[in-house]
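These notes open a run of structures that come right after.
Here chain A shows up in two complexes: once beside chain B, once beside chain C.
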Partner chain A sequence: MHIHNYEKIWLVLAMLLIVAFISTVAYGATAMGVDMISDDEDTIDPGALDEDPRFADPRVEQVGEDEYEAYVVAQQYVFEPDPIEVPEGSTVTFYVTSRDVIHGFEIVGTNANAMVVPGEVSTFTVEFSEAGEYGVLCNEYCGDGHHVMEGSVTVVPEEEYDGGDE
Partner chain B sequence: MSTETPKREIDHEEFDPKGTLALILIYFVILSILWVFMYFIEFLGNDLTVIG
Partner chain C sequence: MSESLESGAPSFLDQFPAEAKLVRATLWSSFTALILGGLFGIIQTLHRTDILRVMDSSYYYTVLTAHGVLMVVSFTIFFLVGVFTWGVVRSLDRPLVDMRYSWTWYGLMVLGTLMAVVAVLGGFVDTTEMSADVLFTFYAPLQAHPLFYGGLAIFLIGSWLAGADWFRAWYAWKREHPDERIPLQTFMALTTMLMWYIASIGITIAVVVFLLPWSLGLFDEVNALLTRTLFWFWGHPVVYFWLMPAYMLWYTVLPKLAGGRLFSDPLARVVFVLFLLLSTPVGIHHQYVDPGIAEGFKFIAMTNTMFLLLPSLLTAFTVVASMEYGARRRGGTGLFGWLRALPWARPAFTGMALAGLMFAAGGFSGMINAGMNINYLVHNTLWVPGHFHLTVGTAVGLTFMAATYWLWPQLTNKPLFSRPIGLLQVVMWFVGMALMSNAMHVSGLFGVPRRTAEPQYEGFDFTPAFGTMNEFDMQIAVGGTLLFLSLGLFIGNVVLTSLGSKQSGLGDSLPPALSGPSDSPVVLDNLKLWLGIALVLVVLAYSLPLVSIISRGGLFGPGVGTYPVIIDTFSAVVESVATTGIIETLAQFEVGVIVQ
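Moving on, here comes the complex of A and B:
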């Protein structure tokens, strides 16, 4: 088979382009530390969240210097706690689960976006470097009140943080 | 009235599709620029990014 020189050029370029696309994603995952929503957590009984040490009382808990864990329960049609209050400059790991049906947990306008599946615990870590307020939306249709299902994450200046309890 | 068109046979290597090559190169350049914008600005710049 004879291939024209020009054809060789664009075949090679197309392959290089694919390699470049894959390497950027690999660069993001290694050098930039971009991660996926984890499904490492064991499954739990969505009907017994009230007996679960993490989800019986949805809350934000300090686990280290500038490190926090947020245990969030989604249900028709609210997120608990609301607002989720964390201090500026903190690294927060979210554990999100559902009491009833499939929900979504999307910190609006950001890459922090997870499905919330009953029985599963969606886990992800983000850094809040600036004070401010983020909206949280359910982005999986969950019933006739889906469109009003919202929450919020409030990032307060470090000195104003009171532990996150309402 | 008919005109005799001169015929010339050329082999595979003699014709260079320069226009096609130019179009493909432009297309690749556009793809690369869009990729940079999409990944580095739209995605990585869209804080908060999941890091764990």
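Moving on, here comes the complex of A and C:
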């Protein structure tokens, strides 16, 4: 089979590009610590969230010096808690689940972005280095009121933080 | 005018009148879906950008479902079966085996489409409980009317039978030509259909085993992650199902239009084999940010996806090289000067060339989507529809429209009504899509979500790194309007062509490749081998994730309820219980109240 020389060069460059892309992803995952949302958490009965110790009372909890855990419930068409209040300079691990249908959880203007699937718990860790108000929106169609589904993350200066209770 | 259509040769219609009639029918179905899909497209464009809101936002999702289903299922696949029927019959130079059989699959596809579309349009009628506002992806536990799932199933069966029709024609041809290589266009159609059969496994299980019986009330719960994963098992290869007929046209028709011929037949075969092998074991890349799927499985899908770039990069080379060859034969010279020698006045050529250019841009944004960690930034933002309006919306859609300008006269024996209008149309599509898609990509980068009626929120504003939301909304609206007008010009041109009077000698032949099939290894034509390897790759990529999802959540899910999208009012729920006799679960009932 005859392959033109230019095409051979193109083929080699294409393969190099592909390998380079895969390497950047691997580098991001290992050296830069960009973890993928995975299957760490067990499944959960979305009809029984009120009996679950984490989700019966959606909240933010301190678990270490600058470490917090946020338990968030998404449902047609709200997020709880709202706002999600955390101190500046904290590292927050989110546990997000749905009471009904599939939702999305996106902290606007950041790369904190997860699908929220009923029966599953999405978990991911975010560092909040700057105080401010961040919008949260649902980015998966979830019913005819989908467009009103929003929430917020409030990052307050460390000295003003009162524990995140609403 | 060596490139002129009026070659004096007999047309496809002259040679195969029965097949030409079938192809015309499939293309009319395709164009009907296109015009309806376009109408819904412009309504939603003006609604979401808040320029003109003619309906309550709750109907936006009915419009969006109709736009998605009509465009990416009906328009694309009806065109595919038409162009593959043409390509197989033309390249085998023999008729289909049994036209009654062929009309049967076409009839099933029409029936399936009508069922699904009726269910979707039911969403506009408040007095009926029928609706299917579940969008193109129909993620459970949002639930559509059974007619929607049933229609989808019948449409798919029609498409499978169409593939079997081409295999039958090929078997018949093989008996007549025992030692010959599979003609290139037939090879492309057959490998694409093998890919389609494998891909269909996912959606068939999702629809027939879970969603249809669930919508009929046979059981109350589904595993939302499982049906979603089965959807994407099909949902990525379907992208290549849209694309492969465009590739066939780029490989076999575009070089001819450019005044030359295909560079390499063997590499074209390699590309289609690669698509057969790699299109399916990648679907999990749509689920990078899903819970319940291990990071390792996502990494495997990412790796496969990156290798799937290879056949498209090879295609980019071949298409450009074939065009350059054509241009130089037409007297073009210089490093880039040959570009001027291309037949830019022909809408069929210009449309396909512009579509190819857009595909390069769409390929770049696709590479970003494929990058697992950067995907966090763009997942489910407006970036994503920005991407696929370049790929399916232009690489595929514009190629189909451009090819129609070349093919339609050969199917009807009627010369194209107007080339200048055709040229204006393809350029308008290109400009409109450049504006709309660019603004969608950029908006996605600062977090504007896709699939929403009103991307305007109470608690926060989007903060673009440059420009303003208004500017991007205007770009989207102007682009969308240009696209809609372009679509109108296209349909008008086709209709006026069809109303014209017949001429003879509108046929156009396709020259063989520079490097012909005899140069390619015989193993490339071993379809059983490639099917076998493709199946192994799918098993490797999907068996563990599916087993894991089922063992975690169970076949019917960890207690996920049912959420029909039809609950408009409390009374509608009661009425649907009374009229359909479906046993509604308590959970549904409660949701009906909460929503209100």
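Here, the second predicted complex is superposed on the first by the 158 of 166 C-alpha atoms of A that agree within 3 Å, B and C clash if a C-alpha of one lies under 4 Å from a C-alpha of the other, contacts with A are read in each partner's own complex, and residues count from 1 in each chain.
By definition in this document, a contact is a pair of C-beta atoms (placed from the backbone, for glycine too) under 8 Å apart; a residue touches a chain by one contact, two chains touch by 3 or more.
Here the structure is a predicted model, which is why all the values come from computation and not from measurement.
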Chain B versus chain C as contact partner of A:I37, first or second or both or neither: both
First, second, both or neither for A:E127, with chain B first and chain C second: first
First, second, both or neither for A:E140, with chain B first and chain C second: second
Partner chain(s) touched by A:H4 [first = chain B, second = chain C, both, neither]: both
Comparing the two partners chain B and chain C, which touches a greater set of residues in chain A: C
Chain B versus chain C as contact partner of A:T93, first or second or both or neither: first
Which superposed partner A:G28 touches (first chain B, second chain C, both, neither): both
First (chain B), second (chain C), both or neither touched by A:E67: neither
Which superposed partner A:D45 touches (first chain B, second chain C, both, neither): second
Shared chain A contacts, counted only where both chain B and chain C touch the same residue: 2, 4, 6, 10, 14, 17, 21, 24-25, 28, 32, 34-38, 109-112, 134
In the complex, chain C residues that touch chain A: 57-58, 60-61, 64, 133, 135, 139, 141-142, 223-225, 228, 263-264, 266-267, 287-295, 298-299, 302-303, 306-307, 309-310, 313-314, 317-318, 321, 367, 370-374, 376-377, 379-381, 446-447, 449-455, 457-463, 515, 519-521, 548, 552-553, 557-561, 563, 565, 587, 591, 594-595
Touching residues (chain side chain B, partner chain A) in the complex: 12-13, 16-17, 20-21, 24-25, 28, 31-32, 35, 39-40, 43-44, 46-52
Contact set on chain A toward chain B in their complex: 2, 4-6, 9-10, 13-14, 17, 20-21, 24-25, 28, 32-38, 93, 107, 109-112, 124-129, 134
In the complex, chain A residues that touch chain C: 1-4, 6-7, 10-11, 14-15, 17-18, 21-22, 24-25, 28-29, 32, 34-39, 41-48, 76, 100-102, 104, 106, 108-123, 133-135, 137-148, 150-152
